[in-house]
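Going by the order they are written in, the chains are A, B, C and D; count residues from 1 in each one.
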Amino acid sequence: DKKQNEKEVKLWGGRFEESVTDTVEKFSESISYDKALYKQDIKQSKAHATMLAKKELMTASDRDAILQGLDEIEKCIERGEFVWRTDREDVHMNIEAALTDLIGEPAKKLHTARSRNDQVVTDLRLWCRDAIDKILLCIKRLQIALVNLAKVNEGLIVPGYTHLQRAQPVLLQHLLLSYVEQLERDAGRLADCRSRLNFCPLGACALAGTGLPIDRFMTSDALGFTAPMRNSIDAVSDRDFVLEFLSANSIVAVHLSRLGEEWVLWASEEFGFLTPSDAVSTGSSIMPQKKNPDPMELVRGKSARVVGDLVTLLVLCKGLPQAYNRDLQEDKEPLFDSVKTIIGMLEVSTEFAQNITFNCERIQRALPAGHLDATTVADYLVNKNIPFRTSHDIVGRSVALCVSKKCELKDLSLDELKSLSPVFEQDVYEYLGVENSVKKFRSYGSTGSECVREQLGYWANKLEIDR
Amino acid sequence: DKKQNEKEVKLWGGRFEESVTDTVEKFSESISYDKALYKQDIKQSKAHATMLAKKELMTASDRDAILQGLDEIEKCIERGEFVWRTDREDVHMNIEAALTDLIGEPAKKLHTARSRNDQVVTDLRLWCRDAIDKILLCIKRLQIALVNLAKVNEGLIVPGYTHLQRAQPVLLQHLLLSYVEQLERDAGRLADCRSRLNFCPLGACALAGTGLPIDRFMTSDALGFTAPMRNSIDAVSDRDFVLEFLSANSIVAVHLSRLGEEWVLWASEEFGFLTPSDAVSTGSSIMPQKKNPDPMELVRGKSARVVGDLVTLLVLCKGLPQAYNRDLQEDKEPLFDSVKTIIGMLEVSTEFAQNITFNCERIQRALPAGHLDATTVADYLVNKNIPFRTSHDIVGRSVALCVSKKCELKDLSLDELKSLSPVFEQDVYEYLGVENSVKKFRSYGSTGSECVREQLGYWANKLEIDR
Amino acid sequence: DKKQNEKEVKLWGGRFEESVTDTVEKFSESISYDKALYKQDIKQSKAHATMLAKKELMTASDRDAILQGLDEIEKCIERGEFVWRTDREDVHMNIEAALTDLIGEPAKKLHTARSRNDQVVTDLRLWCRDAIDKILLCIKRLQIALVNLAKVNEGLIVPGYTHLQRAQPVLLQHLLLSYVEQLERDAGRLADCRSRLNFCPLGACALAGTGLPIDRFMTSDALGFTAPMRNSIDAVSDRDFVLEFLSANSIVAVHLSRLGEEWVLWASEEFGFLTPSDAVSTGSSIMPQKKNPDPMELVRGKSARVVGDLVTLLVLCKGLPQAYNRDLQEDKEPLFDSVKTIIGMLEVSTEFAQNITFNCERIQRALPAGHLDATTVADYLVNKNIPFRTSHDIVGRSVALCVSKKCELKDLSLDELKSLSPVFEQDVYEYLGVENSVKKFRSYGSTGSECVREQLGYWANKLEIDR
Amino acid sequence: DKKQNEKEVKLWGGRFEESVTDTVEKFSESISYDKALYKQDIKQSKAHATMLAKKELMTASDRDAILQGLDEIEKCIERGEFVWRTDREDVHMNIEAALTDLIGEPAKKLHTARSRNDQVVTDLRLWCRDAIDKILLCIKRLQIALVNLAKVNEGLIVPGYTHLQRAQPVLLQHLLLSYVEQLERDAGRLADCRSRLNFCPLGACALAGTGLPIDRFMTSDALGFTAPMRNSIDAVSDRDFVLEFLSANSIVAVHLSRLGEEWVLWASEEFGFLTPSDAVSTGSSIMPQKKNPDPMELVRGKSARVVGDLVTLLVLCKGLPQAYNRDLQEDKEPLFDSVKTIIGMLEVSTEFAQNITFNCERIQRALPAGHLDATTVADYLVNKNIPFRTSHDIVGRSVALCVSKKCELKDLSLDELKSLSPVFEQDVYEYLGVENSVKKFRSYGSTGSECVREQLGYWANKLEIDR
């Protein structure tokens, strides 16, 4: 039992001579944020009361009074009329005390074979499960937006970068699908986390279980858990499911920060590859042509707090002895903040993806600058049986020639090319230029047009787009 | 200028065809938390208007209208009657727009030679300065509480631990003063941070300064800064002062987490060295003798979020190009949270220190168990010209003898001691037992009674206790 | 291609006029640590050469020369005779250049349809897979050690703690199994991570794939991957698999830090519940009875670096644009450190578990102090149809009576009990005392003897102990 | 005393029946990294022996033997001939045992009135002091390189960015000096840290001080400390000086990561503002014009490990009880890594700054695009007594006109301007264009040519350049 309620002596039987000081009360309260768990807490109490009645630990009429009372309280909360009292400490005590105010005696039986220790962690697991479902939906929406963006930009070639230096031409579709792939793994991590946390701690009580003849399988089923947790001490003391959830969120956040960085770069004057619509950008009141990609800057920035939330929880849990320690109260705010932030980041990225235009002309103008077809020529030479390291060298010298002549590879004459290697033939011109270059890619997973079309089909199908 | 306000087209001259979406607006808003800066923002605007009038960039009557209008707005905010509008984005726009509503035309001159970029960072530096002053006061109060606790426990010897194993006897006073020392360095770090951040960015404008004939020294003085910052780009883009502040807070938090750990241990049944009063502990409604030291568990736990806040800011700032990026909007919530948490931790630790009793009897019963006087005997032997490593070995064998006889060192007869080393004389008994042992310590900074008395005097004087 | 090797101009065709400075070379090198990947790099090159020959991109005799050359190099490395050269930058270049030194021309064909970008990440995924397998084994060994420790301590009751205050009696076996449960989830996280990372990036080349007719499914199969990765940009640029791995390690580390804290506490004089054997503790040369539980302090301490490694990688990846950036070179040291540390922590915890004795007598002496049977009495009353909140109150008053009489609950007479509630009957004495109390627990997952026996059987079976 | 050495029983008097296991020994050893402290350890021992002799705790001839022996050992280490033994655990034991091997009996007196607890922390403070001095020098060198870079680029105007969107024209010099300012605060933080840590823990012994008549002021002086620390428990248990140092390093790292990001951006094809020389860039063997700014990518990337090191130490120290815990052994590697990394980052940034060329032509071509002179026109209007918010609006409309006409502000005719506001006069053309715009800036700290010249003079003087 976490704490004795001082200010409401009659109900909780305080035997202390003094109340805690206001400073301590304010420092210790959790109701200002844990009320977010009300829905889960009420759901749990209903399942618990139903089980208690089934096991004859309360009467059917007590149960009915409780179920009805909880329904009323839930409606009251949702109407915004419930008065949350700090002197009733937390969401559990607030609801139980309100129930007692409402229905009297039967409410006193509700906490049978339950402690706040198992109660809070049951609420938390239920809440995480719901939160993961919401995030999974947001991820899917962003994937759909990216795939749709790919679909409307068929054939658009952009520079592919390494070291932020232009390296090879790639289809924009291919680049966009790379983010879809990353999000898919993010979804996989969250789904794994959901499976692993979906076990029921209810009935672990304070830490040791109970001697009352409860049925933990029944409450577990009623609440949609896979099974009750096997060990009561583990059930109340571990928060690894929150750590795993916040880790998964942190990886999503890192992915989105990279998308944010890329789109902020692309929206700059210097790149000029994309323009956000008014609906997702902010302007300068002084420069009307300005379109600040603020939302993606904030996506990048807010990734920091998701990482910070994870660190908070890791620091929190480090070195705590078993079982419940009051420190664990601090698990909730980082969790809530992480979830709220990730959902915001995903939603805003989705809207951004739905509201950008790629500037084909500007991009096409940029393409010739990087000799992006150089590696394609190396492949050409390898096909002619030149060892790769030698091909590589020949292409290097070819580009050097272009640099000195200020031209592109495709502008070199066959004689010039032959002077660098006799194996060059007329057919090399089918490999030169970014369009040819992209066409030539053919390995599985490559940016070759055919490969990308297949991948796009894969994702449209998987994400149930246009069906 | 950070962003154009869409929804209030007439005032900010929106030229965008669409408003930003609700998702983006909700994701981007900062008014829900940056209103905490209202006092600093108003103070700044007053200093700015006064300077503008002095430099003839506005008339005296415009200035007076502004100063009076800002006074009214401040009172309105403090009465809780000010309506913060999300469509006016942030604290700066809310106050400026409200001023325009209130006094009309003159308000339009207030933003002369200022941008939100320098405005927000000026507010933030002022806010940090105030926050540091508050924390410094809280630190001093905790130091005083610890010194007072030391004063009422004169002469109480407790086991000193290494590896959580008993090692040597120390005066409780000495242990308490070790925390006072740590807090003093914490205060030093915060004071250094305060000095370093106390330079005025106002007048840096968007990032390049201004061509208007402003006097940055005048506003700097009026706001109590040491001097204006020397470089306008640096002024708007760096947040190192927040990083330094949050680092200093993190070290305070680590110190307090260690105090928390120690007092939680000491309050356990197994140690039983201290009992918190009712005013700072929570009980179990079932076990009336229980006194959970919850506040110190929470102090230990909340240290995690202070660390998390620092990490958030480090991650946030990493890799941002110069100068202002929207990401920086995210600097405020970790800052505010860190300050609020540290103040709470300090206040609660202070109240805890004012409300604990050390259980002398229990402690005294515990003292004999650890052969805590062993190293004192080694000193005795060194004084008799035995090389230290040899002394060490003799004492080791002496304790081994005690262990086999289940007695303490002081219970060994002189013959027994002499059998271990002939240099033992009758005077060794003046070194045995924890009381003797403590008396013998004499090096500067040691736990010797005389040394500790001096140190206690030093701190009572420095902290102005009893004067 | 990551970088041109300056110092060995002939091979890599440097066209730069100057070499990089020594400072830059020293700062940029990775060979001092990435040589740890040699086994994976050689394995990969063999699979790659075999595929190239199959697809007629090299001859069978070239392939044979390469396979044989790589075998020789591997042996040379394992004999410690390989000379790693900093001017050959990294493990890939060192091995390829050594192969060229050894077999000449055919070596130049090895890098066909491969880039260092896909090469390094293929090595890294193979390395992680191997590392996870090692960690999974270490986890299983620790689980076995804990189950064995439980088996030899049948029936031993210890205080169960909340807030580090004694709360209820639990079987030591139950407490030990709570750690086994946590480790099982840790293993689950690592296994999920292993499945998710086990896709093959080889053939993604620099970032866009290749135009050469390679067979990525063949290399993927040969290297034991599930399938080739679907998107070449994703393949070379993402390090989410390392983030996931380090997150999983961090959660293991937090679990072990808690075990460390608990055993350090239990080894203290004040608790005195366990004694480590000489083989896993350190002593004081001055106090022979001292047994410092150093290894578990270090387990607790080293958890910090595992968390730090994760943070390093999160900060590293945040805000990087697609695709390969040189920053990513920094992914390896935190990964290697995390794996080495976790393995050390698991091994040492296992040895510690194999080398501790629980001090039954000391524990039994401690048990009466906490009124640990109080909640059992509450269950008794609930069974007699007293509402839980009322039962709770009655037990509270019963314990208060004990406190005033300085006795235990079982020492109260039936009359005294009846004066608190008339429903107390003679049978209450079957519920009093920690042994009775433990016997009465019966809910699934509780500390009841029967439940714990079943759980122990479950784990012995699952971990294949005694079969 | 940290740990008893098992394997060298005769010297350290092990009484344990078994040695620790190899796993534990390997896990616990620190000699592989703490040997980095040898110089400080020897220096300390010399000061300590000298003091012991002065206080007649050893003879002059013992002292001389010790001093001479330590000299020999130091030379032996520096010649690389010293054999570090893992079974002698750490640097302290290795040196003391080697001294005993070398000079015999007198060596046994060296550890008088000292423990490994105060010894290690004294070494560590000395080491940090030296490290800070090195970093301060590196910072100064980078500042000089930046100022020199500014000097050779007089008059070069570049776009100033907010949101990575062009905002106002700034002098490159001004931008470079903004980094100099940040580094100056970094130096200030490190200097403050150095002052605060420069107090001597020697003589605190295990944790309680000593009864021997040592003179702590004498050793403190001899080692260059300000004074001995006032509290022996504080002296051995706190690592806040390392936390402060790593925090200061983290802020340096964040600053450098931002410089890295900026220069990587500027080196991209799209920006094209700077070209690194061959000496500090890497190329592609295939694209000879490529100059990858790898060193600055690594500077950005390595900032992550500096942050990770800080987090490791914060996590390490959180929640440890007073005084020495074995966990603290883990303070060294993050410290050493942080220092090594920061020094590398500073050195490489310095070399990079010494080896880049700004591409004036490319930059000048870029300047017109952003209407960077817009805010200067707003200042012009304010000077003509138009309220700022109105000026702002007029300029907005002026730029809108330019956008529709695809021209720059300076290309608008006076009639066109007058149609937007009648206050425009011929003199407005002195404000238009980036050169005029930069000239008009005049506020202190602004990018105005005069202001920047003064600031450059200030720094050249302060950094003693050209004198």
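One rule holds in what follows: contacts are C-beta pairs under 8 Å (C-beta built on N, C-alpha and C of every residue); 3 or more make two chains touch, one makes a residue touch a chain.
Keep in mind that what you see is a predicted model, and the values were worked out from it rather than measured.
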| item | value |
| --- | --- |
| Comparison of C-D and B-C (more C-beta pairs in contact) | C-D |
| Euclidean distance of C-alpha centroids - chain B vs chain C, Å | 34 |
| Distance between the centres, which are taken as Cα means, of chain D and chain B, whole angstrom | 23 |
| For chain C paired with chain D, centre-to-centre distance based on mean C-alpha positions, whole Å | 33 |
| Shared interface positions of chain C, touching two or more other chains | 13, 15, 163-164, 265, 285-286, 288, 292, 294, 297, 300, 303-304, 307, 310-311, 314-315, 318-320, 325-326, 375, 392-393, 396, 400 |
| Pairwise touch network: line, ring, star, complete, or other | complete |
| Of chain B, residues touching chain A in the complex | 1-4, 12-21, 23-24, 26-28, 277-286, 288, 292, 294-295, 297-298, 300-305, 307-316, 325-330, 333-334, 344-345, 347-348, 351 |
| Chain D-facing residues of chain B, complex | 11, 13, 15, 57, 105-106, 108-113, 117, 160-164, 167-170, 174-175, 177-179, 181-182, 185-186, 188-189, 192, 196, 203-214, 216-217, 228-235, 237-238, 240, 243-244, 247-248, 250-251, 253-255, 257-258, 260-262, 265, 300, 303-304, 307, 310-311, 314-315, 317-326, 375-376, 379-380, 382-383, 387-390, 392-393, 396, 400, 431, 440-448, 451, 455, 458 |
| List of chain B residues in touch with chain C within their complex | 159, 163-166, 264-265, 267-271, 285-290, 292-294, 297, 311, 314-315, 318-320, 366, 369-371, 374-375, 378, 392-393, 395-396, 399-400, 403 |
